Amino acid sequence: MKLTVFSGRANPPLAESVASSLGLRLGQRIIETFPDDELYVRIDEDVKGHNVYLIQPTNPPVADHLLELLLLSDACRRAGAERITAVTPYFGYARQERRVKGSEPVAARLMADLMGTRVDRVIAVDLHNPAVEGFFSVPVENLSAVPLLAGAIRPHLIQGQTVLVAPDLGAVKLVQRYADILNLPVAYIHKVRGGTGDVSVRSVIGDVKGRRVLIVDDMISTGCTMVSAIEAVMAEGCEPGILVAAVHALMAGDAAESLARLPLDRILVTDSLRIDAGTTLPLEVAGLGPMLADAIKRLHGKDF
Amino acid sequence: MKLTVFSGRANPPLAESVASSLGLRLGQRIIETFPDDELYVRIDEDVKGHNVYLIQPTNPPVADHLLELLLLSDACRRAGAERITAVTPYFGYARQERRVKGSEPVAARLMADLMGTRVDRVIAVDLHNPAVEGFFSVPVENLSAVPLLAGAIRPHLIQGQTVLVAPDLGAVKLVQRYADILNLPVAYIHKVRGGTGDVSVRSVIGDVKGRRVLIVDDMISTGCTMVSAIEAVMAEGCEPGILVAAVHALMAGDAAESLARLPLDRILVTDSLRIDAGTTLPLEVAGLGPMLADAIKRLHGKDF
Amino acid sequence: MKLTVFSGRANPPLAESVASSLGLRLGQRIIETFPDDELYVRIDEDVKGHNVYLIQPTNPPVADHLLELLLLSDACRRAGAERITAVTPYFGYARQERRVKGSEPVAARLMADLMGTRVDRVIAVDLHNPAVEGFFSVPVENLSAVPLLAGAIRPHLIQGQTVLVAPDLGAVKLVQRYADILNLPVAYIHKVRGGTGDVSVRSVIGDVKGRRVLIVDDMISTGCTMVSAIEAVMAEGCEPGILVAAVHALMAGDAAESLARLPLDRILVTDSLRIDAGTTLPLEVAGLGPMLADAIKRLHGKDF
Amino acid sequence: MKLTVFSGRANPPLAESVASSLGLRLGQRIIETFPDDELYVRIDEDVKGHNVYLIQPTNPPVADHLLELLLLSDACRRAGAERITAVTPYFGYARQERRVKGSEPVAARLMADLMGTRVDRVIAVDLHNPAVEGFFSVPVENLSAVPLLAGAIRPHLIQGQTVLVAPDLGAVKLVQRYADILNLPVAYIHKVRGGTGDVSVRSVIGDVKGRRVLIVDDMISTGCTMVSAIEAVMAEGCEPGILVAAVHALMAGDAAESLARLPLDRILVTDSLRIDAGTTLPLEVAGLGPMLADAIKRLHGKDF
Amino acid sequence: MKLTVFSGRANPPLAESVASSLGLRLGQRIIETFPDDELYVRIDEDVKGHNVYLIQPTNPPVADHLLELLLLSDACRRAGAERITAVTPYFGYARQERRVKGSEPVAARLMADLMGTRVDRVIAVDLHNPAVEGFFSVPVENLSAVPLLAGAIRPHLIQGQTVLVAPDLGAVKLVQRYADILNLPVAYIHKVRGGTGDVSVRSVIGDVKGRRVLIVDDMISTGCTMVSAIEAVMAEGCEPGILVAAVHALMAGDAAESLARLPLDRILVTDSLRIDAGTTLPLEVAGLGPMLADAIKRLHGKDF
Amino acid sequence: MKLTVFSGRANPPLAESVASSLGLRLGQRIIETFPDDELYVRIDEDVKGHNVYLIQPTNPPVADHLLELLLLSDACRRAGAERITAVTPYFGYARQERRVKGSEPVAARLMADLMGTRVDRVIAVDLHNPAVEGFFSVPVENLSAVPLLAGAIRPHLIQGQTVLVAPDLGAVKLVQRYADILNLPVAYIHKVRGGTGDVSVRSVIGDVKGRRVLIVDDMISTGCTMVSAIEAVMAEGCEPGILVAAVHALMAGDAAESLARLPLDRILVTDSLRIDAGTTLPLEVAGLGPMLADAIKRLHGKDF
């Protein structure tokens, strides 16, 4: 079974990196948006009997990127592709994975069902809740970029002086995984109700005073959680030169502006989402290409 | 079984019109777009055991409107709705209903499959190809606005002096339906290869010289087909004061500008898509609200 | 993956032609009808892991031919066939592809669903409405015999003296495809209400007087449309020696008798349906075998 | 939920009988066969929200009757029927319920799957193998006409002088059910290899000499089994005036002629299949109408 | 639609409590285990058209309780039940909701799929990971007993002297929910690597010294986590009279013995699982019956 | 495609025998039961792209063995297995294959559906009712051990002195298959109502007096049927040294004790179920390993 890799329009540089790690060129395809906003997709490769990988994170515009992925997949299927794997290192809507008030959708399940109408397998990276794997009727490889990021940040740490910080309760398990690799102490931040009612205050549990801080989260979306956490550890008297690590640099809303105002030494992220080339943030990008290529090799099997 | 009607954000005025024709108020729901482009949907009605109708054409942004519809439907299903009908008077991607070159998707089938993951029935209006009904695994009511539009245009016709024109071969059956109602002669326009190779020229078959012309099509998308047809009948010496009728006024790209330059007497359309309030085109809008409300009454049954 | 071709009982000569073009012999199978009208099917080939093609148009008796196809497919599946493709060059019920009055079935969708319970792919030829491709949950290759027929008729044409004629509005796109290949002018026939009420009269749009006429349609079923068209062009004074081309020669009812009475020079058809050997019609048959074999080679891939 | 009963064309008298037992008239529908052998179906009743029962045994022509049933069902579903039950008192292909040689289909499962594409429930009568119930993905009511037939035959029995006979091993459980109701002794017939090789001889196990014989089977298809059994019990010296009882009088091939030659007192059957009015056989028909009507009442629930 | 409630054999007292809160008696059914370990199930109620609720947590023996539930559901479906809801306040395998090493199953998804073959809706209580809701293809009501347990424990608290403790990182969100209701401070326990390598030590983050401790978790399985947590807070010098609250009292292995050895004041649990009547533990049981009955009323709708 | 064979915990010796006949070692896997009765499964082989066979009869504990099988299959699927075949030589619940009273489940169909959620093919041996093949949506190979058992018993027969006996009506077809192979006469046992009402008495039809008897059935479950049959033929005066043959030695309840009390010469069974090593019964075991291995070779195809 031959291997063919296509890129949607969500993150072509990442797709190039994956293909290059595999020693392949990206498959030719045409993707256009008609004036009536309909997507037009056409593949220009023979995919008959091929094992096809479609590299397409579902970052904003989420619905368009999802649809583009499914159209590509439909085209490949009809053209005779044997198996189709969606490579969505960032999987949109993963945080809407349960009903809080009872009258919302479970949006992540809907996304999984829509994917399931056209793809045979999914490769994701650090799904917000690992249980989202179970939302799919097809097998999911939920890779983790934590070892990659931990390895990239290690040279910047001074052992004995750095403490890992989880910016909220949702990140406590993640921070523990970094702690296991980097052998660092941890601290947690959680919200408590302030004295004057419903204003919540962030409280740091654990000792950060006088230490260097590495705050880790799975993604930076609007940056609010991260900014609050940074302010909280600064208020506790941590050392300047704060480090931040996150897998997915969504940078929605005014995340970039908010973070730019803070005394950060380094923000370590992956290229699961396309990085704005003109950013002035102190970003350091750990490329996912080789890791995704390894996963594809492993799944594809004998030809590598 | 109680009846509840919700509107997505694609065409609230039409939804209001449907609800009002039914003597109902629209169901309360919250739809927001998060900074990371994810939609957040919540219904604020009790829909347990209800027969729910979601009014949401899938006009641009097509993918977002589709996803919004499916999220609303997922929320209703989980909240206990008994049956969910999507009312999509304009159904995006209906024209991509077959593979021309063999390496495209059949996008209309994909749309039908995605709809089929969450809705029990679909109401559409003048699907581009009526056979698209067969793409859905759920029943489809494909209503027609042709009688409505024909009735609205009748007062503007001078019998014996008007000829119906199909702007391309795709419209010949549609024009015949108008002809049967309005008892008018017809003419067709088709493309022929010009003398110098691949330049195509539009040729009018049938007599339009010195007559008033009513050009009908199912939709005005970018307006190219319509503009070419108008130019062709003008070149043939038709009377000024051309009439145009189309069900779906998509008005994509610079359709409005192109049409504004031509000597049109009247453009008759429906409100299947939200009409730009500030347009300077001689638009006359035949409202679909009562017709859709009738269809809902018919499907819902005994409570009306 | 090995390739095995079976024939049902609908059109064994075509199946022989396909197999021969592939350099294969047809797979052994037993098909009998029991006295209680139940079909008995058994395959006498090892198909384990094979790529199986079942040649079976669904011409009359339609239901039996469909069932025979599905029984063959069930037998192959249980015997371990890896993939099963139905080759139905004529696909019955394709014209019942939408509801006209609202209380009929969409028969073509039902056929597609029944096929979908047992086959993985379908190869068809000139589906009455190309959108029927989208009715199937499995991929469909909708081949066209138009180039084949156009090539076969070319030697019989005298350029500058022949006009292509569409016998009704349903054929206007088809006639355009012939026109593009043969570079001929076109004329259309459409029904208009006669003066005395509901009697419809066929009117020819375009110039056929004194010219030789080539009438094209996708199929000759009862022949009514074709006979009326021939009478209409004759009434307009076309040259004698009318040519007719159609992909599917269904010849239902008294089609053969009706056509035999008319001054036809030549009726060009394919062998998508089994041709009555004893016919006295001036039939010229363009065999589909090589074209279907090419499609199979293309889909089957590397072994050819 | 209103109840509507339609009849296909397989057995309208039975459908009339069912409707009459329910105090209803049959729903209006049009079923025609086009010259190209395609069925045309249209319903002329409002079925919106109705509980629809389609009376259609799948006797010969089996494939046409099945397709007719599915087309009716598709029409009802699209027209808004709430639930659709197929009433197929005789279910064709039930005997092809397993693979004997390994390279046949399991035709009964295929039939069940095809039914399952369009109906919600099935009512059958004395399925050849009761386990066929489990072939359906929808619930099946497998009614039995044995009590009805046993009651009808009782007046013709002389206790102490009649013996029940199973004509082959497949009928041993059935004969036991009659024996339990009628309190009669039983005998079995089985084939044994004759002395000269592969000629099989029917041997009677149990005592029939000088007794009156009642042979019971689930169906009379070609009559071969029954004729052989009659000859075997006659050879053993049973009393003249043999009685026969069977649920389904398929009478395929020359069953009627073969049986007419034998000294039968009475052949008791049901009207699961349409009875040839002109038969000269000593048929006594026990009507299934009331029993089927009772089952429908029971399933339909509260309105009766 | 009538409401009928059946109990499996997993927790009949809870089912009695639910039925009683609904003012109903439990539906009659027979459930037996044959000597060959096969379950035999039969319902002795008319359920035609009913809305059926099956009360059956899937506690040990998990597989048997699951199968019993599905057999009951299959029987109800075939007997004509309109809708079937599984009430599984404890849902086994919910903790196996993702692959840790990559070569395990996602057991919770398998359970959800098996449930989905026979039930229309699920009611659960405090699923281990709330995202498991998204594993089901049917809607899930994931109720919470936290308010019930918090209300029950409140009288035993001395404000200002009690601290809530999460026994591991998996419980941090749960403890926050108790904290929000009870307005108490929180402390966390997490494992850290000890000085001598891979021995892990539990470290308490937050202040418990001299305070009364309320440890909360979603379930007590083998009790290991809880026992370790208790030992950790005792080592930190908490006050005697430790309180424990957990929704599901699985009490697997020697949980009861281990806990009996510790100085616990009170263990608050629900009856989601059947409570061993002879226990000597200081158990206080908050009954789920009224809460489940309320959910059923809410879902069932108008009849209550 | 590589072949990998795993064993569940139901019958590892049989799995060893199959693997050994294939010249393979069993795949490494871990299966444990947690204290809370949940199964933990992990595979320790690379199965990417493999053709996997899971040897696991579903004997008692039936539900656990079924679940273990499905968990193994889920793990293999997610790890990339190409095709998964369940080898269940004994298939539990096969006897619950229809509803007798109308308010039970069709348990065998439920089992088939549960299997169908995770496996692609099933290999069974002598299913209680061969029609159970049709319950599965996937292909089933229903092998027969009758030739194997007949061959094994042949040396113990004295031609002309042995008679085959069917212990009840359910076994009449099975006994005929032995008769065809061994060329022996047959006798049947059936229950008749005794003189004093509902006490049933077993009556032997056919001659066993003074002959050696070989009683055959598909399984020995509780042994009741077999014990009654033995007593009946002894009462008829058969020779001592009775032979018994059955495919599945379930030996439920006190089957072993009951049979031990009777004067049996030999009980011939297969190892479809694990044989109790310490039994004192005169068991002779015909191993299924080579036959199952042959079937796997046949299905797997070219690599053998």
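Labels for the chains are A, B, C, D, E and F, by order of writing; each one numbers its residues from 1.
Definition applied: contacts are C-beta pairs under 8 Å (C-beta built on N, C-alpha and C of every residue); 3 or more make two chains touch, one makes a residue touch a chain.
All values derive from a computational prediction rather than experimental measurement.
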Intersection of contact partners for chain D and chain E: B, F
Just how many steps, at minimum, does a route from chain D to chain F need if it may pass only between touching chains? 1
Would you kindly count the fewest steps from chain A to chain D, each step being a jump to a chain that touches the current one? 2
Pair sharing more residue contacts (C-beta pairs) when B-E is set against A-B: A-B
More than half overlap in residue numbers between the two sides of the chain C-chain D interface, or less? Answer same or different. same
Just how much do you need to spin chain A so its Cα atoms sit on those of chain E, in degrees to the nearest 5? 180
Can you compute the centre-to-centre distance for chain B and chain F, using the mean CA position of each chain? Integer Å is fine. 63
List the centre-to-centre spacing of chain B and chain C in whole Å, with centres computed as mean CA coordinates. 33
Whole-angstrom distance, CA centroid of chain B to CA centroid of chain D, is 51
Listing for chain A: what residues touch at least two other chains? 78, 99, 102, 106, 109
Following the definition at the start, I'd like every touching pair of chains, please. A-B, A-C, A-E, A-F, B-C, B-D, B-E, C-D, C-F, D-E, D-F, E-F
Of chain C, residues touching chain F in the complex: 48-49, 77-78, 80
Residues of chain A that touch chain E when the two form their complex: 97-99, 102, 106, 108-109, 112, 129-135, 141-142, 169-170, 172-173, 176, 180, 183, 186, 188, 190, 193, 205-206
Write out the stretch or stretches of chain D touching chain E in their complex. 139-140, 298-299, 301-302
Within the complex, which stretch of chain D touches chain C? 34-44, 59-64, 66-67, 70-75, 78-79, 92-93, 95-96, 99, 101-107, 109-110, 113-114, 117-118, 221-222, 250, 252-253
